[in-house]
Amino acid sequence: MNPLLQAAPSWSVSQWLNASSPITLDSLRGKVTVLHAFQMLCPACVSHGIPQAKAIYQAFPQDKVAVIGLHTVFEHHAAMTPVALEAFAHEYRLGFPIGIDQAGPDGLIPLTMRAYSMEGTPTLILIDKAGYIRLHHFGKLDDIRVGAVIGQLLTEPAES
Amino acid sequence: MNPLLQAAPSWSVSQWLNASSPITLDSLRGKVTVLHAFQMLCPACVSHGIPQAKAIYQAFPQDKVAVIGLHTVFEHHAAMTPVALEAFAHEYRLGFPIGIDQAGPDGLIPLTMRAYSMEGTPTLILIDKAGYIRLHHFGKLDDIRVGAVIGQLLTEPAES
Amino acid sequence: MNPLLQAAPSWSVSQWLNASSPITLDSLRGKVTVLHAFQMLCPACVSHGIPQAKAIYQAFPQDKVAVIGLHTVFEHHAAMTPVALEAFAHEYRLGFPIGIDQAGPDGLIPLTMRAYSMEGTPTLILIDKAGYIRLHHFGKLDDIRVGAVIGQLLTEPAES
Amino acid sequence: MNPLLQAAPSWSVSQWLNASSPITLDSLRGKVTVLHAFQMLCPACVSHGIPQAKAIYQAFPQDKVAVIGLHTVFEHHAAMTPVALEAFAHEYRLGFPIGIDQAGPDGLIPLTMRAYSMEGTPTLILIDKAGYIRLHHFGKLDDIRVGAVIGQLLTEPAES
């Protein structure tokens, strides 16, 4: 195992949408995990990040690639409430599970966003089958490059 | 005057954004008025209607063409609150005045939406200098056609 | 009549596509004329100018607005031949008449392009019902603005 | 080796652009090869296939992934000549090598297009490091899926 790789921190989620029960990172071991961090009122998320997450969700079988949305609200907290996110997910036809990142003690940066040292939204994080972070990108990244990393990670053995 | 034209009903607005005081339809007499009815969580509004309203706002001087946004919430009322709309307008850089359509007695269809018999969002309504409705369109309408009607209305005399 | 307006020069066309006989500027008197100058291998023409010309052609009745393509080849002459243009017009589903601008004595800038002092492609020229140039734009111009000028010109009387 | 895989046929090219000498399929052994078959006057090639090929060319180092354009003219032969292709490649800023598919005895379907049983343009073919065809797609294929196959092929050993 590459000692330089960082194990993906477990996430802290206060509520799940599109999931019958909470999803843990451990339960995704053996799959490639695409963690898409967004805010529903972030224009670049709506125009770029979310369409990319939807394209990934449609391109791969769910037993191979798990797409997980993470609503990391760090601004406009009064606007981007759970009930607003539910309406957003309904209107934008988001089918993948979405976790609401747990508010932090300061009320600003939520816990998972902090644990992953995310700089803003959208942020794309690819986690390999063994639970290590293999890509961490803030902003836009073109689909060809994202697809290539997913394709590479899919070829790796499930057991590291 | 064309007896078949419908006078634009006055609007009922509970709160204004991007305006120092309430804007009445009467105060816009002499200008061409572009009334853009939208909901902040309506995908076609975000991808088509709002960019069109912004393009109109940038293309014409404000003393000739008044662009007025109207937030006609008829679904997901708990999500599309005034504070959420403020965050939305900030993030999407909406500079034109936006009125929040007054909730109706049934709590579903707001008053202005009902008065104009709007069928959904986005709806574009063009009102001439004399206060008559000259275009009423639900859904997408291409910029060439919208521009042509505005150009035509601009040539009409201010006094009818 | 505004003495500052420039009468549109007549065009010099060596061959017409999508026209049963040559089209003269005089024959369009009474209509608003949209002259869309392009080169088939100009990327901005393909991505912007031609879609705009097609949108105009679809938006207005042909007895009100005449859309005329003008193939103003000023570079890559050996590539953009009449037979190549015919294939291009077929593949891109161009239904409006297209004139091939007459090659000039120097073999570089064709005659109509020179007469109109066009700087490159795409160039959009709007000619009013009386035959005067009312808009002359090199490069991209958004559909709202183009539509507004057409709408304005349509309101003018046919006889100046 | 998978006995069901088809070895990529060698290509028949009458002329190369953006290459100092002819490029053989054998010389690309050890790289992932992206063969992008197009026609310069095919609208779907211009709007989808060529931007995809350019994105691939920019995303990967050239010693890992070879992008090869193939101009497979099967219609409008008089229009899509070598000199026209040169102008097209210049205007569209195509930096990768482009081979002109060798005309066939019937003058219609060129030789490489026939050898690969291509159905039209654009066609995307991915060839692995050992020279086997791993993806053969006529029409549009989204970048996420194309990237994933390239990413997978990159992980395979150079020697099969």
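So that you can tell them apart, the chains are marked A, B, C and D in the order they are listed, and the count of residues begins at 1 in each.
As a working rule, a contact is a pair of C-beta atoms (placed from the backbone, for glycine too) under 8 Å apart; a residue touches a chain by one contact, two chains touch by 3 or more.
Chain by chain, the UniProt names read as follows: A, B, C, D = Peroxiredoxin.
Treat the numbers as computed from the prediction; the structure is a model and nothing was measured.
Colleague: In contact with chain B (Peroxiredoxin) and with chain C (Peroxiredoxin) at once: which chains are those? Just list them.
Modeller: For chain B (Peroxiredoxin) paired with chain C (Peroxiredoxin), there are no chains in contact with each.
Colleague: Measuring centre to centre with CA averages, how many angstrom lie between chain C (Peroxiredoxin) and chain D (Peroxiredoxin)?
Modeller: 36
Colleague: In whole angstrom, what separates the CA-based centres of chain A (Peroxiredoxin) and chain C (Peroxiredoxin)?
Modeller: Those two chain centres are 50 Å apart.
Colleague: Find every residue in chain B (Peroxiredoxin) that makes contact with two or more other chains and list them.
Modeller: none
Colleague: Taking the touch definition from the header, please name the shape of the chain graph: line, ring, star, complete or other.
Modeller: It is a ring, because the chains touch in a row that closes back on itself.
Colleague: Give the pairs of chains that touch; include all such pairs.
Modeller: Listed in label order, the chain pairs in contact are A-B, A-D, B-C, C-D.
Colleague: Taking the touch rule as given, give the residues of chain A (Peroxiredoxin) at its contact with chain D (Peroxiredoxin) in the complex, in rising order.
Modeller: 52, 55-56, 59-60, 142-156
Colleague: For a test of understanding, state which residues of chain B (Peroxiredoxin) touch chain A (Peroxiredoxin) in their complex under the given definition.
Modeller: For this pair, the touching residues of chain B (Peroxiredoxin) are 41-43, 46, 75-76, 78-81, 83-84, 86-88, 90-92.
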